[in-house]
């Protein structure tokens, strides 16, 4: 049981926000986290920027490029997060591509996460089998959850397997698509949500990719425990700055 | 027997001049011929210009290009030469590539030559065999001499054959070379002159290609009955005009 | 088999398929089918017929007399420059287009740097009448205009990758993104032995025709199937993989892999992954990779666009680590001079990629009887502008 | 043999050697030796080995499925575009360089228009380490910069022809002048079946490998050695001569020769010698020739530099006159569109010369079973700039 489970066990639908650490400015990380918590967000994905984020659309790619240019890297992020648990109680998840984590050392990375109070990781390009064989025990040792993705083309069989080994939640990718917000979901997407819903998985799902406004959020949480907003949040941050965070969240939650 | 033979039978060495009809100006042809005769030249080669004179160097090529641009062509040349025999008694030879003659019609061409009083032709790209088979009788009919070339690489056997079928003179090309004046002859060229000399050909030789000043003229006529100056004459004409012809010839003949 | 891929898609510790879940079904479909399809008799027939009648295979194995004299050994050139479209790349695209058709795909995507792989892909798509989209860095589109024109003439759409440094690495990212967005209709033709499993193995297999032919050709010419040395340039490593493939398990045949040192290994402008790389993940594959301490991928540099890649295929990382292959790094200037030398001595203007392999000769010491087979991976026509500018021709 | 050269060097009334006496010994030496040398077993060996290992022969005979479907007949492409240096031209230069060596020549000269023959000549000179001088019109040097660079990379000197219109015709004049000036040391490699006897026959013989291969290839593919039609573009006519050579005496095999109409046969900007030409003498040969009434040679025009010649080889004049061949004239715009069509349908970008042959299809009516072999004389890489500009790619 960690903070993620506690949150998932809450009544109601969860709003989770993704942002890229180090963007718009290097030292915005903690401020953004605090403002998100203040605004009533349930969970936060802190993006560890990578030079070649191949599952992401232009918004996240650009924010990553800026963040890296600003000087963000794994060490800096952990420094910034040092002490965060004195001020933040909602689950904090680091979402990042595998290579920076590999370079840092997977064990060292998990240890640091544990130290600063990170609850879990989402590593989109770390395959399940490889994780199980090589890293699962390390994650366990440091009590770090690893959340896996499922997507519309993922087979039922594979979904069941993922369900069986998942900690926390399953990250349900809303469409065959890279990240980037959409105005609404298509009937095909809703069918897919429905299909997964009917599978009665043991692990709760949080929907991500293409969630960006009140409508898509509501549609997504109709079929899952919660939803993650990324690109739309980053765009808003870029245009309107940190002061606009509260309003952005309110507009979703209305 | 025609005018060419009469001239060849004269005592002494012969100076022959080549110029391109229609150059420098379209209507210079007759004037140049008259001035050459006045200056004591023994024989004249009138160049019928061709667009692609592949045995000629830049001077004659350029003069041909100018002449064609000026409007020179076979009909114009024959018109200009009409009546020339009222004023000129030295041998007149037309030197030209085969294609314009072929287009005019070889028989028609010979007939016209006969009418205006041309004594012979030099057609550098008309092969001997082809001439003998196809045109010899026509030339005979109109009493037009056809003069052949020999060159340093021409075999003795072939020279003998050429000697045996030649009218008038053999055009002895001074070197393996396209036209263009030289300052002097090399020892290799002199050897070649000597070699031909020793062959005791029945036909007199006139040396051409690379004869351009008093020195080369004198050297050439040491081994032959006469010599032809072309490029050097044309260059002089270009720089100094028709008025300079007499001086040019005097400088050779001094 | 020490040097072929294992069941999990690894060469020793390198390889694998480090891709987002969205791509798992595509790779799974490929992985489940590629060997079956490739070994199918009808496929083999189609593939071999196209290689023969369309690509122009077998490519000659040419004894380079004047180079041999100069470098005092027996130098043979495997003439991939004579392949249709001018490089070995098409061996792979022919194989993949046939495979894509058998998988029922209706649309092809590919990444390209210099444009050779893009042209080879656009070519087979034209041949088979299949829609084709090529991703190419915006910077490369500008500097490789003739290859862009070729792709367009062949009916392909060329899409500019505007992210990152706008070169090959970013074009690859964009192609992968397209694939994520179009997982069912589309097959992604990767152009080298890179990317997630099963690509490195699949591409190597399609390129293995190179060494298969050499065996027969050498037997005829030298009365042995085995050279003493194999020499190839390495970008991602597909021409090298093709050259080595049928000799990997025969350790008497020595392997020399030539990378691009750019302006020098230590200059900061280099693509010498064997020296500068550390184990990491790029484009779905665990391999040697030029990266910062934080694991950000470093943009490489080489005068040759085809070698301008920050990694090598996982097979090559494994060959290096296991010391099966020796690696050399060749600078821009050495490569350019070698390109000129080969042109003047043998009458074949090499691609600048290929020229890197020849530049190695002056640093090597062969015995007079040594048979050295060089993969002449491509012709230099695409590089004329670079040669003209460099040598002021 | 109705269509081969007679003892005097003529095809019917065309041919011969209308050259100044200074060249007689050179041509005499060639005429006396060329057949002997060509038929010599060792020469044959050397020639065939180089064709195989260096040029990449046999070139494929490729069944063009999508073109065949469109034009409702069986279209086969003889893939000369796959030859080393990108066109059929090298078949001839390989033969002539071996011949020149046997004649003890120390220096090679050649003329070139688009630069293909210049590159093919520079290539074999590099291969054999022989000095090479290429004459090229000053205008062509400017517009064919990449081929000029290729020749220089190969070690050749490129000399600008500054006379006349400064294009191919003038380059040929300059080459002939050079030969007159250097009769003993130098061999002149003419690039097509033009010029004085024995060049047209010699070049045709070196190109005849094309139809020799087709016989065997068709037999395998169609169970007959004989196509119904042969289709080739004609500049001077060397690729056509190679395609027709072994079929000339078999009148069941129909021949279609495609010339460049430029902007239209009547436009004043054309190279359609079969329509616009009259019998005349050019570059030492009696043949059909575009000329004024006075016999001055007219500068031709075609978008394709290789077809931009004011004559055709004497063999072709004879084939036309004797009705053995049918001639067609294709405009620039038809050719360009055909080039694009072939690229998109078959994935092979043709030289613009080659594209002329394909443009003929829409004016022809074949039966479904007709086997039509098109000589794919060269690849379009050299023409990319023209394609780019024309189609705004």
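For clarity, chains are labelled A, B, C and D in written order, and residue numbers in each chain start from 1.
Definition applied: a residue touches a chain if its C-beta (ideal position, glycine included) is under 8 Å from a C-beta of that chain, and two chains touch if they have at least 3 such contacts.
The model shown is predicted, which means the values in this text are computed figures rather than measured ones.
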Item to check | Each chain counted as touching chain A and chain B at once | outcome: none
Checklist entry - How big is the gap, in whole Å, between where the Cα atoms of chain B centre and where those of chain C centre? => result 67
Checklist entry - Counting in whole Å, what is the centre-to-centre distance of chain C and chain D, each centre being its mean C-alpha position? => result 35
Item to check | Overlap residues in chain D, where contacts from two or more other chains coincide | outcome: none
Checklist entry - chain B: which residues touch two or more other chains? => result none
Checklist entry - Which of line, ring, star, complete and other names the graph you get from chains that touch? => result line
Checklist entry - If you go through all the chains, which pairs of them touch? => result A-C, B-D, C-D
Checklist entry - In the complex formed with chain B, which residues of chain D make contact? => result 8, 16-22, 24-26, 163-164, 169-170, 173, 176-177, 180-184, 278-284, 289, 291-297
Checklist entry - Tell me, which parts of chain C touch chain D in their complex? => result 52-54, 56, 59-63, 66, 79, 81-84, 86, 122-127, 129, 145-146, 148-150, 152-155, 339-340, 343-349, 380-381, 384-385, 387-388, 391, 393
Checklist entry - Which of the residues in chain B end up touching chain D in this complex? => result 50-55, 57-58, 61-62, 65, 68, 73-75, 97-104, 124-127, 129-130, 148-151, 153-155, 158, 173, 176-178
